[in-house]
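Read through the structures below before going on.
Okay, so subunit A shows up in both of these, paired with subunit B first and subunit C after.
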Partner chain A sequence: MIGCDVSIDYPHLANPSFCAMQTTAPAITTYDLKLTLPLAAFFVVFFLSPLAILLYVSLHTDAAMTAHGLTQYGKFLLDPFSLGVLGRTLWVGVQVTALCLLLGLPLAWVYVRLTGGLQTVLMVVILLPLLTSVVVRTFAWIVILGRQGIVNSTLAALGVIDAPLRLLYTEGGMVVALAQVQMPLMVLPLITALSRLDPNLLDASAALGAGHWRTFRRVVLPLILPGVIAGCLLTYAASITAFITQTLVGGGQLLFMPMYIYQQASTLSNWPFAAAISIIFLAAVLAVVSLFNVLGRLSKGYAHA
Partner chain B sequence: MDLTRRHLMTSAFTLGAMHAFPGLSHAQARRLVFSTFTGSWEEAHKDVLVPAFRKATDNAEITLDPLLSMDQIAKVKASPANPPIDVMLHDPGPALVAIDQGLVEPFPFASSPHYKDLIADAQGEMGPAPFFQVVGITYNPEKMKTLPTSWADIWKPEFKGRVGITNLNSTLGTGWLVEIARSRGGSEANVDAGFKALEELKSNLGAVAANPGALATLYQQGQVDIGPGNFNAIQILKARGVPVEFVAPKEGAIAFRTTIHIVKNSPNKELAAKLIDAALSPEVQGKLMEAPYLIVPTNTKVKMSGEIAKVLAKDHDDMKKKFVFQDWKKINEQRAGWIEKFNRDIKI
Partner chain C sequence: MTRQRQSLGDLSFTATIYGLALAGLALLLLPSLVVIIVSFTSGFSLKFPPPGYSWRWYVALLDAWQLHFAAANSFKVACWTTLLSVVLGVSASLAIARSTHWTARLLDSLFMSPLVLPALAFGIAALMFFSLIGLSISILTLIIGHTVVCVPYVIRTTVASLAQLNPALLESSASLGASRFYTFRRVTLPLIRPGIMAGAFIAFMSSFDNVPVSLFLRDARTDMLPIRMWQDLENRLDVTIAAVSGVMIAFTIAALIVMERISGLSRRLR
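And then the complex of A and B:
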């Protein structure tokens, strides 16, 4: 075997057992791949084929699905109102992700600094939203944001406002509620990234004369960037597709993509248009995700620079 | 049998598949499946209709599969030759969609002992109405100086920011828009007057809820104090102690025929007809009229009493005078356009 002759560069590896490993290695690889077959079959049946059907449905010109054509895509892409709905949905995702990052990073930082019991308590608090149903969490926000809710009654008691503010069924209220609902998806990857950070690096940076801000920007941030990107990706994808929270806290008159799809598919039985909107939404989300991935690849360069 | 790994795996997969897809094991002969609505409707039907059906059929097996109308249609449409549902329950709009798409078959009314006793508005060859849903004015009595009596009261300046409605996705939202249009000279074919009225309502609008359930929650939270509401949704809130009342406006309350249908190609047609007949019977309807269900009966043999007699109609003649029925065939023709217009124009 040609590849087994490593004694020239790495004399210490040139022993028989290593060569034996080399010859059996391909077999192990095939065995591994076979193990993923059930999962692959599962994805083909329950993910790829529905997606193909969705694409097929979207290529019909009428709701009764008698003729083929691209009119549904044209109807969406040439309509400023529909494009506005798409744009607003993607923008809401950006706002929620930014808010989650802003609030989640200090939280993850505090968690990593804590020790023992306090850390366990904080972990339970962070995970608690994941352990309750989204519907329950969202209804809590209706109570908080309502005219007689916690925010309005506190502000009124402090004399800040005379009449209750309209918080429920506004975009701002919805962004805050979504940020709370999706927060664990941001905090958990951040905690993983921060706990891998060697504290000695911070001391070294300080010893070399860098201030807190400079240490954070030049040392901490580059090293935890993969975690930041993972968190952003999860939060973003979850918040733009969060039908329940968008509907219950956003109301029936702030229209976002999930509700738009539901309206066309369910109320109007216009499956081709609903399918076309779904495909366009999927493409838009994939574009954003690829952007995040590009940032991730760039960040690796940044970290090693 | 050898207890080999292969056997174990096969058994585990089979058991898992049967658990995940219960339909696999009894694809041929299965029990009757009735899709009712979710929530309080499911409870009412489980408590009253199911026992009556089982008594009438010598304990035939029945499963409730509670789904919204459009989800029932989607489920049947997915396998029309071997439908997973035998009996569907529909609001007027979806009922016409199901009929148009050929998903239901005529009810054998000639052999039904109760069909002839239904009031005329509840009869229908493709599926009779076992009950009506009624929409009137919902209000918080603690926040009113004078109690509302007409749809027009919702436009009073004193309700600035206090009015709650739903968007047009719901039967409630669309039916109400049509009714407002009619009270201002429009019709099912022309709701421009209704949109103009909505425009004038903007300063009063406190919330546009995504569905009737979310709208009911807003009364509970004190977010809104007045608006159109479903009689049955309000009764649930009242029972929970929320300060909320229902009044039929003097123009007439909007009544939706809720119809029950036999699904085409159902393997249980006879049982399906028996279930529908039980739903039309005065015994079942009489029981469902009482608290806590308060479901409006359509069988003239049922003597109105309680809350329904007090608030809605004292008998079926009174009902004919006080209820407004709408032409959903006409409404369905243009509904998509109205929803689009509502999406674009109604911003508060």
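And then the complex of A and C:
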């Protein structure tokens, strides 16, 4: 491993792929890159071309698409209402991601410490929401948060409230619902990261006199940081585009980017503006994704140093 | 043993971790349980706890032809999407899994990008694209759109199982005189089959559940189940939807257990 031990001076070189490059794989184990051609062609025609057309449509000044110009972007970026929708959407993503991390990390922590049957049961509980229809999961929250829902009837039975609280169609209710819907995306990468953690490190830290909190902060967290960032990226990306949960639990009063795009396109048939908002939303998500990727790369160097 | 020196701090750590994990567990479990309980209500509202229990909403489901029609469409689209995703995805995975060439990395990022980009933006883009090239909205356009967003799942699990494949096995096969194709069919394919199956399963589920792409690419003739349910919920809070949800949860649990048995699904999702 001497050839790979460059992490002290050059942390960015200390990633596994760099080391893997030094041994060239024998011919039988590799396949011709031509095998990617069918999918690459499919993606060029049905993924990149539509996105190019989206960009083209967004560069029209009027709904009838007769003249070119950047007015649609100006209309969005100079309008406090539109900017508010974008800002609120990105902020909801942050809240959901934070809540998922707060509950998901302990869940993953407990999972890797369970054995046998209990571990299998917990895995099914974690996977079930991922595979259950998102409409079904969201519908559950309508039942829970509704005026006659489980929260209100419990609080009324305990005598805490006289009249039912309005929980549905509030941002708080929606953040909790979204957190449940996206939780598996956070927990799965965390389980991977935690199960790769060498248990001896925890013992060593304890033997040197560190308490659990200190060990967690100084040993565990730095080592699982790449997993944390991977989980955050998936959760964030999924929660800001969660159309169903946003419209059903968020309701009509709270407008978010996906519904804004849908309204402009389907209800108002304002295609250039819908296209421009989509491009702005795509750009915003790409910016967040790149930020996460940079953080991920930095965290890997940090863990190796 | 240092374990004996359990201080107050260590206790608080354990209590916090387990407390939060329990809250997380409740958050994951509760909604599905609530839906199942409410679906057996004898009343006409989503009141919880229900006033009484009955099978009436499941019986009502038998006559809900709009839901049957949408479910049949969703099933058809999900089957074709899965088939197309596996054929295109596995072939691409074979090439990019072990390649260190820069084009392989670039293609990998391209094929994975539908996972993080807002699918709704792609849905509207696809609608504009299809209307521009004169391909009218049909089952076919839905299958194409779904394949773009479902193929990353197949690639992810297939590439992961290829990465775990011991190259020595392939080398021995070759040194014993097997051709490339024979080695692929008799050594590589059986070993990566669980990975492919896990990917295909997730692709199927995510196509069956897709909303952002279907939203723009379907019409009355090609109604899709999640969209139908969403519209029913937007218009009136129908208890029938609770019964549909109950059926879907039951199917998902059954599928999950079967897939865990035959492909070790949970290990492949991480």
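The working rule: the second predicted complex is superposed on the first by the 272 of 305 C-alpha atoms of A that agree within 3 Å, B and C clash if a C-alpha of one lies under 4 Å from a C-alpha of the other, contacts with A are read in each partner's own complex, and residues count from 1 in each chain.
Convention: a contact is a pair of C-beta atoms (placed from the backbone, for glycine too) under 8 Å apart; a residue touches a chain by one contact, two chains touch by 3 or more.
Computed from a predicted structure; not experimentally measured.
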item: Subunit A as common anchor, with subunit B and subunit C clashing or fitting; value: clash
item: Subunit B versus subunit C as contact partner of A:Gln180, first or second or both or neither; value: second
item: Partner chain(s) touched by A:Gly104 [first = subunit B, second = subunit C, both, neither]; value: second
item: First, second, both or neither for A:Ser278, with subunit B first and subunit C second; value: second
item: Which of subunit B and subunit C A:Val228 touches, first, second, both or neither; value: neither
item: First, second, both or neither for A:Gln263, with subunit B first and subunit C second; value: first
item: Subunit A residues touched by each partner, larger count belonging to subunit B or subunit C; value: C
item: First (subunit B), second (subunit C), both or neither touched by A:Val219; value: neither
item: Touching partner for A:Ile142 - first (subunit B), second (subunit C), both, neither; value: both
item: Which superposed partner A:Leu248 touches (first subunit B, second subunit C, both, neither); value: both
item: Clash with subunit C (superposed arrangement) - responsible stretch of subunit B out of 63-71, 117-125, 153-161 or 297-305; value: 63-71
item: Footprint overlap on subunit A, comparing subunit B with subunit C; value: 139, 142-143, 146, 148-149, 247-248, 262, 266
item: For the subunit C and subunit A complex, residues of the former touching the latter; value: 2-3, 7, 9-10, 12-14, 16-21, 23-25, 27-32, 34-35, 38, 45-49, 87-89, 91-92, 94-101, 103-104, 107, 110-111, 114-122, 124-129, 132, 144-145, 147-148, 151, 165, 167, 170-171, 173-174, 180, 183, 202, 205, 208-209, 211-212, 215-216, 225-226, 229-230, 233-234, 237, 241-242, 244-245, 248-249, 252-253, 255-257, 260, 265-266, 269-270
item: Complex contact set, residues of subunit A against subunit C; value: 17, 20-21, 25-26, 28-36, 38-40, 42-43, 46-47, 49-51, 53-54, 57, 102-107, 109-110, 120, 122-137, 139-144, 146, 148-150, 153, 176, 179-180, 183-184, 187-189, 191-192, 203, 206-207, 209, 211-213, 216, 233-234, 237, 240-241, 243-244, 247-248, 257-258, 261-262, 265-266, 271, 274-275, 278-279, 281-282, 285-286, 289
item: Residues on subunit B engaged by subunit A in the complex (per definition of touch); value: 68, 70-71, 73-74, 97, 161, 166-169, 173, 206-211, 214, 217-218, 221-223, 335-336, 339, 343-344, 346-348
item: List of subunit A residues in touch with subunit B within their complex; value: 81, 139, 142-143, 146-149, 166, 168-169, 247-248, 250-253, 255, 259-260, 262-263, 266-270
